[in-house]
Structure formats: C-alpha cells, structure tokens
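What follows are several structures.
Two complexes come next, and they have one chain in common, subunit A, joined by subunit B in the first and subunit C in the second.
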Partner chain A sequence: MSEKKEMTRRVLAEYTYEAPPVERGYTGQTLYVNLSDHTIDAKPVTDMMKEKFVGGRGFGLWRLWNGVNDDTKWDDPENEIVISSGPCGGTTQYAGSGKSLVVSISPLTDVVIDSNVGGHFGPLLKFAGWDALEIQGKAEKDVIVVIDGTTGRVTIEEAPDVPVDTHLIGQWLVEDMAEKEEDRYYMSAVSAGTGAEHTRMGCLNFSFYDRKRKAPRFKQAGRGGIGTVFRDKRVKALVVKSPPVKGDSNHPADQARIARVGAKLHREIRDYDDEQNQMRRGGTSYLVTIMSDYDLLPVHNFRFGSHPDAPKLGREVWKKRFTQGIPDGCWYGCTIACAHAVDGYTLRTGPYKGQTVIVDGPEYETIAGTGSNCGIFDPDAVLEINFYCDTYGIDTISFGTGTAFVMECYEAGVLDKEKTGGLELTFGNADASIELLHQMGRGEGFGKIAGQGIRRMKEYFVKEFGADPQFVQDIGMEAKGLEYSEYVTKESLAQQGGYGLTNKGPQHDEAWLIFMDQVSNLLPTFEDKAEALHYFPMFRTWFGLCGFCKLPWNDVVPPDNAETDEPAKIPEHVQNYVEIFSGVTGREVTKEDLVNMSETVYNLQRVFNIRLGHGRRDHDDIPYRSAGPVTAEEYESRAERYDSQLQEFLGLDPAGMSTEEKMAALREYREDQYEKLKDAVYARRGWTKDAVPKVETLKKLGIDFPDVVAVVEKYL
Partner chain B sequence: MKVLSYDPELCVGCYVCEDVCSETWFKVADGEKSSIRIQEEEGKVLLSATFCNQCGTCIEVCPTEALYRDKRGIVRLRKKLCVGCLSCVGFCPYGAMFYHDDQAEPFKCIVCGKCATECPNEALAVIDVETPPQ
Partner chain C sequence: MILVNNRDEVEWEEGLTVSGLLDRFRYTFPHIIVKIDGEVIPREQYPTRTIPDGADVRVIHLIAGG
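And then the complex of A and B:
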C-alpha cells in the first residue's frame, strides 16, 4: 500500500458564495475568473441573454464578444475560455442531455471556435451554482481552479504536485480530491495535457466518474485548439464539485412532460437500437464500414473513399474490444450509451509504456482520422494513438487529418527522412505516426512542426522545403485553418458547403448532409441545398444552446420515421425536444422556433469572425481535394463517374480528352458550382454576396446592437 | 429466491391488490401508484397482471448502481443513489418498473406479499424460484 503523498496547494484567491437554486434550468449567474489579477466574480444572466442566446454556445459567444477586443489574439490574456451547458443540460430523463459547449478564439483559425463535449463538468457546474464559467487572463505559474458548490467556494490555487497529462489528472481527482467513494460521483475535472502545450491542436478533456468501472473517464472538447489556450493560460485543471444530482435538479417548469418523452425514448432505444445502429454495443464505430461501402471513408488523405481493410476497423471488431453490458452514457440517463471503452489495455510505447489503462473510445472520427485516413488498419495502433492523444490533450481529428497530409507529402517527395528527423511517415506506418505523437507530447522534432496544423505546415513546407504551393494547397485538408473531420465530400456539393460554409471551420457539427445528398439524392437543386444548409446548421446549432447531444436525435429513429413528411429531420424527435425545452424552461415553443433561436447565435458568431478580421466570402474557400480529384490516380479511381459528369453537365466527349484535360474541365466546373452554392446559401441566410450579415437580418434577429452593427456596416 | 406469482384463472378483477400495494407504499389507494397492475386485454376473457419478476435486466442499465439484488434475491432500488433517469423504466422488458410524477424515483414490486395476503381469491402468492427468470 503506497503512502498518499501530501499535495501542496497554495490558495492565491478565494471567493465565497451561496449557490442560488436552479430555476427552470438556470441559476441566473455566470462565474468570471481572471487568472492575471485574480478577480473572481458573479455576472448576472439577464432575461435578454436567456431569450436571445438561450445558453451553451450562445452564452459562451456573448461573454466572449464582450470580453475581448477587435484585435485579441488567441494567446493574449484577453482571450477567454467559456464553458456552458444550457437550460436543459443536466436533465437525467432524456438521453443525451448533459452536453456542454466551450468557446474561445482558436490558435488554428484565429477566429471563434465552439466545441461540444460530454462528461459531467457542465451540468455539475450548473448544480454548483453557475450557468457558465468564464476564464480570462493568464496565470504566472500553473494553477488549478476549484469550484466547490457544496461549500460555496471558488479558489485559484498553485498546486505544483498536480500533474498535467489527463489520465494522471483523473487519478489525482479521484484519489486526492475525494475522501470517500461517494465524493467522486459529483465531481468533474477539465484538463488538457503536455501535447496541448506544444501544438496548436490542443483539446480539452471533461471527466465523468464511471461507477461500474470505479474509474474516471473522459470525453473531449476536441476541435479548434482550446486545450492549447488552456495550457497557454497555465491552467492544469478546473475542478467542480456539486451536491448530488437528482431527477429534478434543473427544477423544471413541468417535470411530467420531460419524464414522459424520456421514458418513451428509452423504450425506443431498447426496442430499436439493436436492429438500427447498435450504439449501445459499438458506439459510433458502426459508421466505418458503411462509409467505406458508400465511398465516403477517408483513405490516404481523403484521396479515396473506401478500402478493403475497412472491416478491420469496423464495429464487429470494436464490439469485441469494448467491455459490453456497462451503461456507457457520458451523462446520467443516456441510454444511447455510446461512450464505450477498452479496458485493460497495456500501452506499448511512450512515457507510460507498460501501464494498463482504460482507453476512452475509439469513436468513428478517431478511427477514420488516425486509422484509415493514414492508411492504418490496426486497431491496436488506433487505441495507442487514441489514448495518448487524450492524455496529451491533442485533438484526434486534427492529429489524424494532419498526419495524413504529412504522409501524402512524404510519399510525394515534399518530405523525406532527413526533413522529418528520421520518421518514415508513409501511409500505413503506425509506428512513425505514434512517434510523431510522442514528439508532440515532448515538444521536439518534426512533431513540433506537424503540431502547428496543416495551414502553417503548408507555409513552412513551401518556404523551407520548396514545396509546390498549388499542390500543398490542393491536398491540405483544412479550411479556415481547421483540419477537416472525417468524411469524403468530393461527390457531395451539399456537404462541401456543409464543411466550407461553417463559422468555425470544417467540423461536421454543423451539417451532415452526405446521405441526403449523395446517397438519397434529396437535394437536387441549389435552392434545395441552400435550404438544407440553412435548416440543418441552424437546427444542429440549437442542441449546443440547450445542453443536448445530437446522437439521440438521429442515431436511433422511430420505426415509422421513413413514412413521415421529412424523415431527415426525424420529426418525432424534434417534437420531443420541443417538449423538453418547454418542460424545463416553461417557454412554450414550436418546432419552427428552434431554428429561429439558433439563427441569432449563428449570426452573432459570423459577425464575430468578421470583427476578428475574417468571416467574409473568401473565408469560406475550400481546398480542391474536398471537391474533386487532385491527382490523376484519384480521377482514374472514379473515371466512369467523372467521365459521365463531363458528358452530362458540360457536354464534353471524354473519349478525345487526356486525363489532365478532363481534370481541368471538371475542376473548373466544380469550383464554379461551389461559388454558386455560396451565392444561394448567403442569400438564404440573409447575408450579402460577401457573406456579411445584412443589418435587416440582424434587426430581424434582435441583435442589431450598436457594436454588432458597427462591425458589418464597414462592409455593406 | 422469492417472486410474486399470479394465476389469471383465479383473478376476479377486484383490483384490491392495486389498492393494497399503493396504500402500503404511498399511503393512498391509487392504481397509478401500485407496483402491480391488473389489465384487461382486448378480445381476451382472462385478465393479466404486470409486476416485477426480479429478472434483473434493470440492474445492468442503471448508471448509478442504485439497483441491486438483495439477500432474498429481490431487485431493490437505493433511492439515495437514484438520479431519476428512468432508464430502468424504459428498459424493463415487462414494463414492470413504474414511474409517477409525484416521486422522482421509480418503484417496483419487492415481494412484500401484502397483495397476496389480501387477494380474496388466492390469485396471488409469494413463491420460491431457483434462479431469476429470463
């Protein structure tokens, strides 16, 4: 039995409070913590905020908008990290009601990033007395922030013994911060890791205590490098402790309405998950083989959409690796229960080699990004990468897509062993990819360069290695500076827009239209696409205002869904959400209101991007690899499809054309299509041709505040 | 282990069992607060009864380990650990975990035997079984 080391903690600042009761999903106050001058304060949640911004991402954007200046950079002390769940966050009856949104200025994009995450922190923060947490400033030396809702105390503390890497923070949380087993239940930590210190693609880990495993588990706010901001501010961990969670902790207006739809959804999941996507057994891994079947799985840096080895990373493999029969929800009551883990995994590389750990995942994005996209089809390699990305605090999507880019550059001769310091980063070389990750953890070698992200790698490779700028631009799968998530959009104009016409960058959070468009052909015209690119981003944004996870919305569907008017919207589930929102807040809303709520937040975010110097039409440009074949090999792999498109849409005869001529013609056509899509979407959203929200749009949405209008007026 | 058993052939449809159960556990005679429900089924002469058969499926779905099997083999709920998520209500294969808006935690038959004692026609009995039913 090891003796517990006495942990030194030095309180730098303290704030005491009486946690207000939660009323209809709100505490009515947000917590402000400044790490530079040690201000800790409560800010009121106004009626205007609830009405216009609702919560979650809306509160995050509003606090950030008011907290930063026009020229604030991601590493200025003025940058903030804002964490907020939403009025429905913390509901236990309805699957997927514990999500939080994190907002900051991103080191990758230099504009606003919003990242959504499970785990317990957001809801427990609310039950500890706060609708949101706003962190500003920078600490002189590494600190932790502890928010104890049971004693009504917030502290900023120097705690030199507290580790940095997340799996060690988890151990510290349950062993050193909790006296008894029961104390662990209602505590959660936010942490990053050493990899977040040395890269721009740092993620945040949000913990939850797994009672069956008696161990901490982690979900990630992956995108945008918020973990990098976190470590730049010299925070090691945020810890929250709350009173016990109960079914009515949100003190809803009408509990019965929530219970009714909650129990109904549980039954639906009980009856249909097994025959639909098997989320409860295999999580999101079911997507791997389906995507490969539809030619949508990223392979070799998005060059191809399928691979015969895809089943090696498919659900049937992962079902055997995931411990079955554990309620793997990342918030109470989620019976989609997709937060699976591989138990008893022994690490074979790196600083923790030999340790037996729990691997949280992998999810589809991690499998496709660090696996197939890099030509790696070994589940153990994916597990090793998944674990170290989590503990180092590195986004698996940016790591995966970034490494795939590096590998294509290597195979194309842009990089070689000398340039990479000995790493043979060819497709399929898992050992090299893992070593690259460890270099990011240590802040050494080529890992430092790769950790800058694709946008800065392109500049570096052109400047230092004489790379062909057009080539790296075409194959570098980033837009706005953020790496693409893991779907091949080449044959879906709607999804090219779904990724390219976002506020934050190419993250599928906003729109996932591939099946509707490419498979079911439900969006034939520009207007159809524009309508979908209005509705779905707005509707999907709504989840992040309220504290909901999107997966229970569409990863299980009622048996009669296909017979409804608009099956892609899953109308019965949308009505469920109307019931819960009204049930919690007491605000009677209709289905149509949900999109209106989101439009306000979405437009504020667009204006925010413009305020920060971007956000206009050219900000929505996409790399050609996302829209068509860059290399002859890619063209030839789908020659029949592309040839027939040249005939059908351009009236050309492919027989008399060389591959290069055909590629050039197709490219001109597709790039023109995307520009036309921009026009249709901007018009639908009430923006100018330069993607600037018009004043009448801002007025309609009630955010024509003077400082908001001042930003857009310059461009109208 | 102990379970409740019901013989539809002996049931006269008096619903005394529902009253006795809800009175015992909720201090009110209300079928919606009973852990045994007697039902008519369309086109059928005999009534049917829904109550927990102690199969234990709910134990696995509970995220807080609030549900457990006690020394008598009966599945019980620790209210203190319950977060009111209703996963057990939704996942019970028999619809025998009940919920009422007046109380955050669900409830079920725990084989107290009161209904069997009060049934006027001996349609209910507490019996011993070897293992939990499938």
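And then the complex of A and C:
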C-alpha cells in the first residue's frame, strides 16, 4: 500500500452507536443523517415496516413518504436520498444477492425515482448496523459522511482534499481510508461526480473492492438524477466500513435451506450459462446483435431497429475487450458474474487524457444508448463515454438517449453549429458526443443545456430556437421526464405500456414484454397484456425490496423450463426466491405473497406520485416515436408491415393513399390502442380510469393509512 | 402452409427443419422454446427435426433484458 497523504478532515458532527446483530436479514434500525442541522440518529424498523414494505425500495419509499411534504421539490432540503438493500441483501450463497435500492425525488421527473445498483455499499451498511441510510438536508460546504461499523461511529466531515469525480474517489477510498489491505475488502463508497453538479441526469456510483485487480470498481444507480440530488446536498462521498463479511453475516433463519437452493443455482449457471447467454464471458452485451436481428436495437434516436454495423458493438467484440478469467461479480458469491471490465484502457480525451484506467462495463444499455442510438459503432468511443459518464456521475442511458435526440434535432435543422457552440452533433460523430459530455462535466456550453434532459430541452428548443413543438414532442424519447432505456417499442403495444405505465418513467426494469408480445404473440388481447403488465412489474419490483439482482432469475434458466406451464416466469427460479426469502426471514411465504408484497409498495409509489402533483392518466402518456413512425422515412422503412396493418386493422387500401395519409391513419389507430391499454391495465391494477388507486385497493393491500387515503380521495 | 405463433403464415417446403425456420425469421435469441403441434422439441433436434405441412409451430422467446 502506498504511503498515505495527509488529508484535512474536520468533523462537523459525530454519533456513536453499538451495532446491533443482524437477525434474519434485519438490524432493526435505520440511520438518519441531516446535513443541514447535523442531526444523526437511529430510527427503529417496526414490524409493520417489515410486513408491508419488506426492505430496500419499500423502506426507502416509506422513509421518504414521511420525510417530505406535498410540495417538496428535488432541490429542497427536505428531499431525501434513501439507500437500502433488503433482508436478503448480503447473502453470499445465492447469486445476485447484493443489490441496493436508492430512492429520492427526481430532478428529471419531479416524482419519486427508484434506482437499483450493485456494489457493496448496501450490504456493508447492513453489516455496519443499519437497514437503511436516510440523508436529508443540505450541507453548507462539501462534506463526506463516514459510517464506521467497526468502531460504531458516524461522522459528517468537511474534507476539502477529497476529490469529486468518482475514479478519484475510488483511489482516495482505498489509499487514504484503509489502514491495511484487508480493510479495503469491507469498505464501500457512494459518489457522483462533477457532471452530476451541472446536469439533472446525475448518477450515483457504488464502489466495491476488486481483490483480483486490487482496485476499486463501481456500479451505477443510474436512473433519474439521484447523483444530481447528491451533489445539490453537497455530498462528495458516503463511506461505510463494516466488520468482515462471513457466510452467515446476514444471520438467516435457516442457513442450510439457503445453501441448498444456492448450490443448485450455482450448478445451473456452471452447466448452462455457456450454452445460453454467456453472462460470465460477455455480460449483457450479448443483447446488441440479438436486438438488431429482431428490429429492436435503437438506431438514430429510435427511428430504426437494426443496423448492419451492429456486430461492431456485439458480444464477440466485448469478449475480447473484457478481461476474461476473473470472477467479475459485484457481490460475494455471485457466480453469474456479469460485472465485466476493460482493463488498461488509455483515455484519449478530457481532463484525464493519457491516464490508463479500468472501464466498468459497458453493459447493453450503455452500448445501445451511447453507441447505436447515436449512430456510433466504435467500441473505443463507447468506452470513452462510459468511463467519463461514470466518473462525472452521469447516467449513460439519459446521456445516450438525450444525445440521440440532440443529433436528430441537429440533422432536422432545429439545431446548428451556432446554436451548439460549434459542436457538429450529427449521427455518428463520436468526437462531438464526447465533447458534449466533457461540457457537462465542466458545466458549460451546449452540454449544460443538453444536461437538463430531453423534457427541458424540448421546452428550450421551442422557446429559444423556434422548434416545432409537435415535432420535438414526437421524437423526444422521454416520458414523465425520464429518458427511455434502449429498446424500440413501436411494434409492441405491451412494451409501450411496459415503459409508459410505470411509476418512475420508461425504464425496462419493471417489465420487458417485447418478445412475449411482438415475437411470440403470447399476449394477443388487452386482457392478456394487462395481466402481464400487472404480474411482471410486481414480480420484478420484488427484487428491489429484498436486495436481489434480476439477472439470475431469467438470464440463465433450468433445462426443463420449457416444459413448465409458464416458462416465461421461470417457475423453478420463482420457487428459489420463495425458499430464500423464507429461509432468511423465517417468514414462510408463497409465490403469490411475493407479488402481494410488491403490489403494496408499487401502489404506495403511485399514490406518492399523485401526492406530488402527478401520477394520473395523462402522466402515463408516451411520445409517438415509441408507438409508431413519426417521419416518412421511418414509415417507408417498414412500409410492408404498416401497409398490411392499415388493411388488416382499419380496412384501408394503402394503394390509394399518400405516405402522410397512411401515417396519420396509423397514428390515430395506434394512439387509440394505447389508450385502450391504459384502461385495461388500470382496471387490472385496481385503479380508476384516471390511474388513481381505489380505496378498496389500498385497503386490500393494508396501506389505507389516513394520509395515504387522503391523497387519492381528492380524485375519486 | 405452416402457422407460426398463431399469427404468421409461412409457405411450407419439403425438408424444412426447425433450424431452417429459425434462420428464416432470424430468431437468434438463445432462450427459445419450440413446439410443433404442442410437442416441445429438444434443442439438439433443431437441425434435423423437419416440420410437417400444416403444422402449428410455436416459437416462444423467454423474456430477458437488462
């Protein structure tokens, strides 16, 4: 270990505690830190919280619900950032059991955002004595918060020498905060970066120490601008230190039960990953060429779904770039090990030009967002953008989708070189995209405008540049203010709902139904779609209550899965989760209980959005680009498909129609279909036609608390 | 004529195998279940198993995504 530099650290507030033992996945307390008045305190975790909200996103929402007012904005001091893993988080016997969930009020959407992330912070926070961390208030100057579970001490400190950009924070963490090599294993930091200060799309980086590489690595809570909230609160880093992690640190009710199920999954991954998705060798990058094959890969701002150059960004390219043979899990015991990295990458631009770094990832969303969607098919450019997004604390998805929007505006004449300050932001111009990112890092130029996100860019382009409001609305791929993640949904009504009928905005972690709907035709009726848009968002929400990663659920499947009644649900793996949850908490549950737990949290989140002035039917509207062709070029690229739909569904003869007439007829039809989908989904979820949860729904779920009911009653 | 996923009509041809059908649709996703008239076809039989005329073929793609 290198010699330590002298760092100035001034303690502003201190709190001492005795870490309670973890019992059945819970410590029984959460940590509250107020950066304005320097309050640091413990809050009890009640039985009601465990029963109704479980942990993770549920705990985060409950703390946030009670911490803010009806009119709280993202940059008000009372807004909070809450981080929690969940009762199963920190399990080392079952793959993908180290996730954390972060919730806050988003600067992009002005409603609640939840973002899930790997790395070690959440589990180590628990083993340091806390089921969740709740940060409120705003510091006067930049601070760090240190939670030391080895000494039972929490401090808010001024630390002017501590850097802001994440890869430098990582260095500081391992070089200056650890006494010896072993200390690095059980430390983790949360950080953002300079880009998070100047944009609304800031992400959080959660560190973990990579023992093989002897270096800090990072996973991102990317969505919704929580990194922006973090820097607005003037936090440079949250640091946790815990006692050494052991196989029974989570102190489950039935360790043997967990080990049995975990061993079965480990064998499955060992035996079948190579013939299935090869997550251990290429992570989610396998999706790039597959999405292109199925016309689902976003190309040129979601105009098209495939591109002949897609293989240039495909798995085979990344397998060569990713260092192989290293177990790349982001939590102990994760044998699916998809957290790949490119070692020895030398930066070619920006403030760290010439430095040789580790690039964490890229994952599919980053490749598709910053690559194909911007017409960039150069893996080095994707790596450069990936690294700088992470260290600046910028969400790669919002950056990619936002830049694709800018590029289409540039090519359509809404923007020009004068308006962008000299950046020629055409599709495929990687240098311009990278410079845009650096401008976000510096908080200057057109990057500052683009960093506000698509929704605010639309308003700005209309007001300042005279853009056609309808055009920018149609092509700007955001809903609720959040940029779309990277799948083309034009031909899947169910996935239009999978993105649009969400609580937080268009992120695929609620429901990914494109294959079931568009390809396999398993959801032919509105009722079928509505059932899927009930079950899958609820089931996938459950991972975020417990500390689980979604990938081991369906990125490897048992060989006999095909013969089960509901293969899309991977029934054997659902049963694994029933076993693990019961084995950790001692609370015997069924597969139906998992969905019920999520439904409770999901409905609270919907009510929360309504409380904050959004969350009703029109809040679920989507841009037309996600439902159909906006331009004649798009229509003509799939003319055969669209023409046949006009005939089949509307009884029109396309032969006698102009492209504009055909587009108008198709649009009317598709927009009507989406409204019908809303009706069906709201009914299935127990909501009114205005997307408001009914009181009877809240009663059934046991969250008919007076303050919750008071929110919905205004709209019933 | 064969019917794929209860929607797409495909011209039948002598010797059309499961692999041939998947190639024709560019179905490259690794998590696929193929059923011919209700019978699940083992993956190792895809290159050799021929599809009879008039068959009801289901090619079920299991969900994935990031």
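Convention: the second predicted complex is superposed on the first by the 712 of 716 C-alpha atoms of A that agree within 3 Å, B and C clash if a C-alpha of one lies under 4 Å from a C-alpha of the other, contacts with A are read in each partner's own complex, and residues count from 1 in each chain.
Basically, a residue touches a chain if its C-beta (ideal position, glycine included) is under 8 Å from a C-beta of that chain, and two chains touch if they have at least 3 such contacts.
Only a predicted model underlies this, so the values are computations on that prediction, with no experimental measurement involved.
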Going by the contact rule set out at the top, does A:Lys212 touch subunit B (first), subunit C (second), both, or neither? first
Could you tell me if A:Ser582 is touching subunit B, subunit C, both of them or neither one (first, second, both, neither)? neither
Comparison of subunit B and subunit C by subunit A residues contacted: C
Quick check for you: in the superposed arrangement, does A:Ser398 touch first (subunit B), second (subunit C), both or neither? neither
After the superposition on A, what does A:Thr335 contact: first (subunit B), second (subunit C), both or neither? first
For A:Pro327, is the partner it touches subunit B (first), subunit C (second), both, or none of the two (neither)? first
Is A:Tyr487 contacted by the first partner subunit B, the second partner subunit C, both or neither? second
Mind working out whether A:Ser104 is in touch with subunit B, subunit C, both or neither, as first, second, both or neither? neither
Pick out the shared contact residues on subunit A: the ones touching subunit B in one complex and subunit C in the other. none
Contact set on subunit A toward subunit B in their complex: 92-93, 185, 211-212, 244-248, 255-256, 259, 262-267, 269-270, 325, 327, 329, 332-333, 335
Residues of subunit B touching subunit A in their complex? 60-65, 80, 82-87, 89-91, 99, 101, 104-105
Quick one: which bits of subunit C touch subunit A in the complex? Just the residue numbers, please. 5-7, 26-31, 33, 40, 58-66
Subunit C touches which residues of subunit A in the complex? 275-277, 284, 286-287, 289-290, 293-294, 363-365, 485, 487, 508-509, 512-516, 519-522, 524, 536, 554-555, 557, 561-563, 567-568, 570
